[in-house]
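Below, each structure is written out as structure tokens.
Both complexes shown next keep subunit A, but they swap its partner, so subunit B is in the first and subunit C is in the second.
Up next, the complex of A and B:
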């Protein structure tokens, strides 16, 4: 059975995946970039289901430099930059996984604008998105990317 | 006491009345400005004001009269040429019923006035549409308006006689104002009394007549609008752009907390239950999300209450907004079905599936609505308007610039910033650049350009760069630390409201430095197709 790495800051995605995707995938959970990178080494995974927003994560666990982002994007507002890192953390974790050589298909449950999804594909290769929790749509998206 | 909507209507009426006054004023002024003898720079400034401030349809002649052998004349001709394709496209879009007409018109208007000769194809396009859609009286009004403008400004055009006849068929009474001699029976569908009408007045009275019609329409609009009471969320968003940030936040919360994690997440469980194939774990999952924790109807009420508190009494989601009304019924149905769904009664499960579908529809509706909120295109016209406004100021207007270059991509990227605030930010940066180069010897140059960058998150940022040839040195930190007293405190405050930033960068290609303002890009509706 293929393994699905579920990356999120809570347990909603994992619960959903175990209930509705268990016939297709063995679910491997990860709660941060560090855990995701470790899980991709052992036990490894064939695909990824990624939460975009990590609002419950500690700032120390986040990828990205809040100070740099504050200066470059948020008129020096560090708190806003830190919030943005949480809101977009899933894409940054995907970037770290790609940098580490893990090119497996990745799907977000988020209604990205088409242009943004195209940008993500240009940056990170095999990336898909489904607008809501829908097991069949997730499976179809992963199959298309396989 | 006037309600907010009435105050807004009064402002609209005020604007229309001001337009009427300008039109009346135009009757006596004619085009003498272009014939006067002030220096070309002053004539050009007046010509720009005639259009950008007064929106005088006669501005085209004033622009065209600027000597094309001068820098001002070349700039005028270049802008007229840039605007013309947009104006030409208008007639085709009207003829096709293309909804982008307004966008095209606004874009063209921001660049330069319209060649009066183009009023005729526009009038004819509206006339054709009016025939196709006789129920829409606005189309006839528009057609008449453009025929009048054409005949007022180009009475000797070869097509003018045909235009008079066409106008006469649409509006015999008004058309008499544009005939140089009494109508003949074969020329127009006019009542017999027409031939006994007084001598035809000259065109300014026609404009005055149009102004009166506009004022009348404004009063009718006020009466109709003042009778309207509560509104749907979409109506409120259309009318009150200043509420867009609040609407986006409230909709985002509702969608994420309730529609995604409680409703969207149980879609597969509802399906499985309907097929009689739900596992015990899936049933528990459904029960937990729909019937566990805070009761669904109470959570829903909480969100609706937040909308109403934040957006005011003009909003009535339950009665005026069909999508919310249906969702409201669906929420109550789901809440009432709890014991029967848990008992897995077949009809109750079917009703649950239908209610779930209504809520998913609301989610899609809200996603679409949010994508339509405040978006300002960062195009050449906007940058040009900023430069023009700054150059119209006393101090900046005294700086003789040797070059103003403006470059913006097509199609223009959009940002989620109110236009008025974006203009405020850019005017400050441009003003500082002009005043700084004014301290230096010629050549004095400024340049504005727009580009986009892709972030690691897949988002894009729009970079608006203002370059100049001043050797004055300052840094990004100087701006944020407010060590510069040039209105940049206002700029950083505005940037903070819109997730924007500002930075000083080295110049290149002969420029001394660049001040870069950056905002996140708002993706256009055209880009909003979703993954299947």
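Up next, the complex of A and C:
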């Protein structure tokens, strides 16, 4: 059975995957970039299901430096930079996984605009998105990217 | 928070999670007993514990009147009104709550897509 790395800041994606995707995938959970990178080494995974927004994560567990982001992108507004890091954390983690050589298909449960999704694909290769927690649509998206 | 940010948060924080189990309930036959507590969790407590209808009202305050906001509000009222029966696992109530949850999600997703355009 293929393994699906589920990356999120809570447990809703993992619970969903164990309920509705367990006939297709063994679920491997990760709650941060550090855990995701470790899990891709052992036990490894064939595909990824990623939450975009990490609203509940501690800032210390996030990828990215809020001070640097504030200076570079948000005219020194650190609170806005920290919020941006949380809101985009899933794509930042995917970038770290790609940088580490993990090119497996990745699907977000998010309603990305078409242009944004095209940009993600240009940056990160095999990336898909489904707008809702639709088990059949997620399986189809992962199969298309395999 | 700008209106576009509020709409995006509504679609993500409320719409996506309120419909998480509802969207995957088998279309025919009784709602499986094992799914009822998970359905209850989605419909009456968002990740973090806040009630979806309360989160909705907090975020919707940043938005102007809009029919999609009203549709979502009506769906959440329906879900709240069905709470006792859904918690009791009554099949008809669970089905109606699932339908309302999907309506909430669709309305909020449409709103968010328009506001970011």
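The rule is simple: the second predicted complex is superposed on the first by the 146 of 146 C-alpha atoms of A that agree within 3 Å, B and C clash if a C-alpha of one lies under 4 Å from a C-alpha of the other, contacts with A are read in each partner's own complex, and residues count from 1 in each chain.
Note that in this section a contact is a pair of C-beta atoms (placed from the backbone, for glycine too) under 8 Å apart; a residue touches a chain by one contact, two chains touch by 3 or more.
Since this is a predicted model, take the numbers as computed values, not measurements.
Colleague: Put the two structures on top of each other at subunit A: do subunit B and subunit C fit, or clash?
Modeller: In the arrangement built by aligning on subunit A, the partners subunit C and subunit B clash.
Colleague: Scan A:117 for contacts with subunit B and subunit C and give back first, second, both or neither.
Modeller: A:117 sits against subunit B, while subunit C stays out of touch.
Colleague: Check whether A:56 is in contact with subunit B, with subunit C, with both or with neither, and answer first, second, both or neither.
Modeller: It touches subunit C, and subunit B stays clear.
Colleague: Which partner reaches more residues of subunit A, subunit B or subunit C?
Modeller: B
Colleague: With both complexes superposed on chain A, which partner does A:75 reach: first (subunit B), second (subunit C), both or neither?
Modeller: First partner only, subunit B.
Colleague: For A:135, using the defined touch cut-off, is the partner it touches subunit B, subunit C, both, or neither? Pick first, second, both or neither.
Modeller: A:135 sits against subunit B and subunit C alike.
Colleague: For A:19, using the defined touch cut-off, is the partner it touches subunit B, subunit C, both, or neither? Pick first, second, both or neither.
Modeller: After superposing on A, A:19 lies in contact with both subunit B and subunit C.
Colleague: Clash with subunit C: which of subunit B's stretches 92-100, 146-154, 326-334 or 452-460?
Modeller: Stretch flagged for C-alpha clashes with subunit C: 326-334.
Colleague: Going by the contact definition given at the top, which residues of subunit A touch subunit B in one complex and subunit C in the other?
Modeller: After superposing on chain A, subunit A residues 12, 15-16, 19-20, 53, 109, 111, 113, 131-135 contact both subunit B and subunit C.
Colleague: State the interface residues of subunit A toward subunit C in the complex, per the touch definition above.
Modeller: 10, 12, 15-16, 19-20, 52-53, 55-56, 109-111, 113, 131-135
Colleague: For the complex, which residues does subunit A have touching subunit B?
Modeller: 12, 15-16, 18-20, 53, 71-77, 80, 84, 88, 91-92, 95, 109, 111-117, 119-120, 122-123, 128-136, 141
Colleague: Over in the complex, which subunit C residues touch subunit A? Could you list them?
Modeller: Listed in rising order, the residues of subunit C that touch subunit A are 11-13, 16-17, 19-21, 23-24, 35, 38, 47-48, 105, 109, 112-113, 116-117.
Colleague: Taking the complex as given, what residues does subunit B use to touch subunit A?
Modeller: Touching subunit A from subunit B are residues 256, 260-261, 264-265, 267-269, 279, 281-282, 285, 360, 363, 367, 371, 454-461, 476, 480, 492, 495-496, 499-503, 518, 520, 523-524, 527-531.
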